[in-house]
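Presented below are the structures under discussion, each in the form of structure tokens.
First subunit A sits with subunit B, and in the next complex the same chain sits with subunit C.
Presenting the complex of A and B:
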């Protein structure tokens, strides 16, 4: 608070105390996941010799890259005050379509899943924005629809399409540049673009305005409907692209993937400090949220005696803790 | 206006920049506007006034493209326009500042000013530096010092309102519509707002100004349009109108009219005991109430009168603990009630029948019985188990006593008439056996028959020894129903009238502030209250 401030609300002492508490809340909001992430990293690197090995870290990064794609789209959706439950299924559908498409050429392996997933996103977006239906229900329908379509295409999941051995499509996720795998590079690139779009374009400004106060955004003449439609399309496209990456990485269209992945994406976004009510958050925070979840998985896998199911228990507990803290702190801020 | 007329042509005489012709708008069969004609000239500040439900907000929303009129048309610069949304209206140059700040609290000040029109750099990306620079310049022009990169939500309401004003200025509008912009402002901010408004006017911008603070109208505005019950009533130069004329045409009362006795169902004055049931002293709510004192004795009905925005509802809400108070004390039967707690107020014996029964009281899908029983559930249950028999008996008693017309106690409240819904709510509060009953517009929106029933019920309750505070916009109801009337003005008690020898027109005069002997709140508007032409002269 600067001395030149004329705003009387911040000059008397109880409000000043509230302001400092609000600043602390904002700090936890923005950097809480990062602090836990660093803590887990430090503890893990002392506990396990192999944790900081190049192979292990690269593994974590590649494993995290698929979820990261979903989380990026989810960040925008949540910032508008919405939710996208369909991304896990759309991701799996994208993978199967990419694997099938790769048998007809690399171009098809990209175009087909992006086309179908984009269409699913478009329909969801239109129904949500134009029809005014709750995103929760609409994308729940999308989840069932995409999963059903996938099962239809694969004889109820029995049929796994393979990417042909010599296909250049495999290179997408299996090559690296100067030792950095392509999926990791793509995530960095996409997140950089995402941050630019959010903070430096009018679309991004609309996203934040809609999530912050939809009525106000409407009254200010912002393109509310168009922004929402675009956001759901982008989310579905990113999920589809994640599917393309996993198809290339595994050289096949694995049908059982992506179940519950939408919830992990939501968890990562919320851990990263994006308000579930919309209007505020950072792109980088979501990336850290994704990495945090992945590192926890990795650590639990390294503890030989622990069942891998502990992953979910630990992730869930951390999520609950962070969200409770956020809520508790922001309540002071917003009264 | 005589001696202060300047050589420039009278304001408001140019071709209208924005007008409505015969605009009608209905919501679910209710007429919000009926054939309203309104003209805004360039270079004038045009006051738009009317009581609750007069149609001001609806008219503003039609002008700004939020609503499309059902009939009639909106013309901008002489051309008929069909705005499909607020952005259409903004694109042609109509800006609006709303009563509640309609900005995004989580975004920065600069972001809010330029949202949707951000300056771009050569890559087509938002140029944050130049955006902040331009925002700073705008704020400097408004003589407001604040950090434009700060989140809007961290500013006080007044500062937020100034940001909204900066946003309106930045679009270079030809029309600026201000819907109660001053209701959350400090005196200094009001002065700044007025300075900016006058500057815009001198540049040829047409401004529409809505405010419930009457003093402000004469200080700032050139012409006035009065709406009542969705209809156009009057348009003319403000300087030619007295406060009393303005208020009486707002309320639809002839100044000379003297109310005939017996227009309501209230009986004669009530028996009073000398020991007060409730004493309220020095209630302060920032920007709303300024040291309200009120005493009610058992068996007495005290009326609270005042124009919209004078603080009537706020007063009872503050007493009830539903509005945060900054100072003041409430005692019931000699015992102090802890402030800012509805629970404490309830257990001390204060009940509030709120103005908006749909939003704050009735639960439409529950039965009559369940709606009545809600208030007593905590008391009538033992270890969480409710005694059904006791509730049935209680509900039956009240249905009979209040003559609630329902097919059975099981009928859903939504199926009842407005008057019977109101009685259900009154019954609910009576179940709590209150000492003091605060009634906020108990007869609004209910039909004539039910109205007189509610009125005689209030009478009866007072005769049984209940202390009643009655808020009403209907003067007959106050004059005949209340024993004393406290007149509120801009959040403070202006005068107290004995209703025994009071006529409606005297009350009207008190409402308009003509009889005020106290000075208005120091410097709140900075304008004189009695001599409109003076401030007009300064403004020119």
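Presenting the complex of A and C:
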């Protein structure tokens, strides 16, 4: 796994003794979630016979694939030093539009949600990049806007559009290749592309540079505004695509989906070691963050005696635990 | 006006004073836009809404805005330190969920325990932010997820609360003013005085303006930060208790949901920048009233929930755009 660190604070710590500690700390920052993930997997596989069964693991992977799409876009947004609170609503809107569109053909089921969600991302990106408004507020408004649009399309949430029975659109999330469901394959593909874009393109370099220090990136002549706009468009498109996947998976446009999902995506990204201050992070880390959250859910569902409310308690505690650990270990590095 | 700017942000450097006259216009709008909007919307309702200027309608508006305002006041303090508190909604749910469990020991005892729960959550947030150095948004996000889970574990399903004095707190009134409104007003005055007149208030604003400078100046940065999150938790718990008292029930899955976003919106619309260093209490009060009045106006005129959300989204963006004006520093453009 390769991480890119361009935070100026990390590069100019002079003491050699601190450098090795900093390397160790950076390792924990990046691999902390992975270590916990492995630990949870090992404990779970010894505790529950059915945990490592093919059906259960596939179930975890498919369930995680929707959140993974959101988390991928969120990773880029957070790397630029921003945040995207609209993805949960955009995800739900994409699902409803896809289910509605599937009644008019599979092409419409893809084009319509991607078009609308991309437009929402474009407006958000333009307002943030050109208007200079705080991403937190702009995407908060985007959350309200997308949810309002969704309610408008569904008679205030009363109507659920169904994907027609024979539609080829259903195949997107309900088929598999060599036993691997399409959503999982798509996530692997998208994350691979995401990692390539981050590490091999000038856009990716700009994302990290802007998150590291926006003024410096601008002075260096990087296309700051264009990069930001692109990032918010990508985040909205990925959220919309996640919606398309869930519409295909459930064969309907469920209106109540996605509430609070933006926060889960942020949690996954942070667990994965991407700093909310921007400028550093890993794509693979976010995927592991998503999987960790999903495995925790699965384990708690397996313990029959535990209430599902424990999910929230455990997920929240693990987030705080990992972040605290990261801070303590990186303290030498950052101060 | 209760408006305090840190020395670090206002009197920053002498050369800036030459451009001060040019900045007066945008500054005036930024400071007073929320009041102008509030007055205009009031006028609109007086003219075009039937039965608006009745005691019943106005009283209902004030009763509905009171819990949001109480949460927003705590949020204003947190935002003043350049922080954010996403846990307030969960704290409200937790506080409300605890009431039916302890109401048997007396109304005062149960309220005391609920408030203590708010203090504990605030203390955890404060310690994570101030001592561990976790970013406020992450620390309070973890607490939001975990807190809601804990509230559900305590409360489970909707529980009705049968207690005469607790009912009186929610529905009774003093000199014609509902207790709920009176409490909110008293808290607003106290918080306003604290920000303006106390050492703590001055220190809070200084820390939000420039944390490093405040630290170097020997201010008790950590203590002030912890206190601020504790106050926010305490006020959120208070709001949760009042909501439970009004409905004489606690519903931990729903109570306080999305309250963090309403509170942040009220604070930001009121002219407190997310970048910290300023706390505008009167603006926050007006911001909360404005958001309440917008919702009410849309309901009065039978506008669907979907359109209401879309309109709110546009208003939030417009309000923040106006506030940014010309005299903004780059700092306030970040998240």
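FYI, the second predicted complex is superposed on the first by the 321 of 335 C-alpha atoms of A that agree within 3 Å, B and C clash if a C-alpha of one lies under 4 Å from a C-alpha of the other, contacts with A are read in each partner's own complex, and residues count from 1 in each chain.
Just so it is clear, contacts are C-beta pairs under 8 Å (C-beta built on N, C-alpha and C of every residue); 3 or more make two chains touch, one makes a residue touch a chain.
Being a predicted model, the structure only gives us computed values, none of them experimental.
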Touching partner for A:205 - first (subunit B), second (subunit C), both, neither
first
In the overlaid three-chain picture, which partner chain does A:196 touch, first (subunit B) or second (subunit C), both, or neither?
first
Mind working out whether A:309 is in touch with subunit B, subunit C, both or neither, as first, second, both or neither?
second
Between subunit B (first) and subunit C (second), which, if any, makes contact with A:256: first, second, both or neither?
neither
Looking at A:280 after the superposition, I want to know if it touches subunit B, subunit C, both of them or none. Which is it: first, second, both, neither?
first
For A:215, decide between first (touching subunit B), second (touching subunit C), both and neither.
both
Which of the two, subunit B or subunit C, is in touch with more residues of subunit A?
C
Under the stated touch criterion, which partner chain does A:177 make contact with: subunit B (first), subunit C (second), both, or neither?
neither
List the residues of subunit A that touch subunit B in one complex and subunit C in the other.
215
Per the touch rule, the subunit C residues reaching subunit A in their complex are 84, 86, 128, 132-135, 137-139, 141-150, 152-153, 261, 264-265, 268, 274-275, 304-310, 312-314, 316-317, 320-321, 324, 328, 330, 332-335
Along subunit B, where are the residues that touch subunit A in the complex?
64, 66, 85-91, 96, 98, 102-107, 111, 115-116, 118, 124-126, 128, 144-147, 153-159, 167, 186
List of subunit A residues in touch with subunit B within their complex
2, 4-10, 19, 22, 196, 199-202, 205-206, 208-209, 211-213, 215-223, 275, 279-280, 334
The residues of subunit A that touch subunit C in their complex are 81-83, 127, 131-138, 140-145, 147-152, 156, 214-215, 263, 266-267, 270, 276-277, 307, 309-317, 319-320, 323-324, 327-328, 331
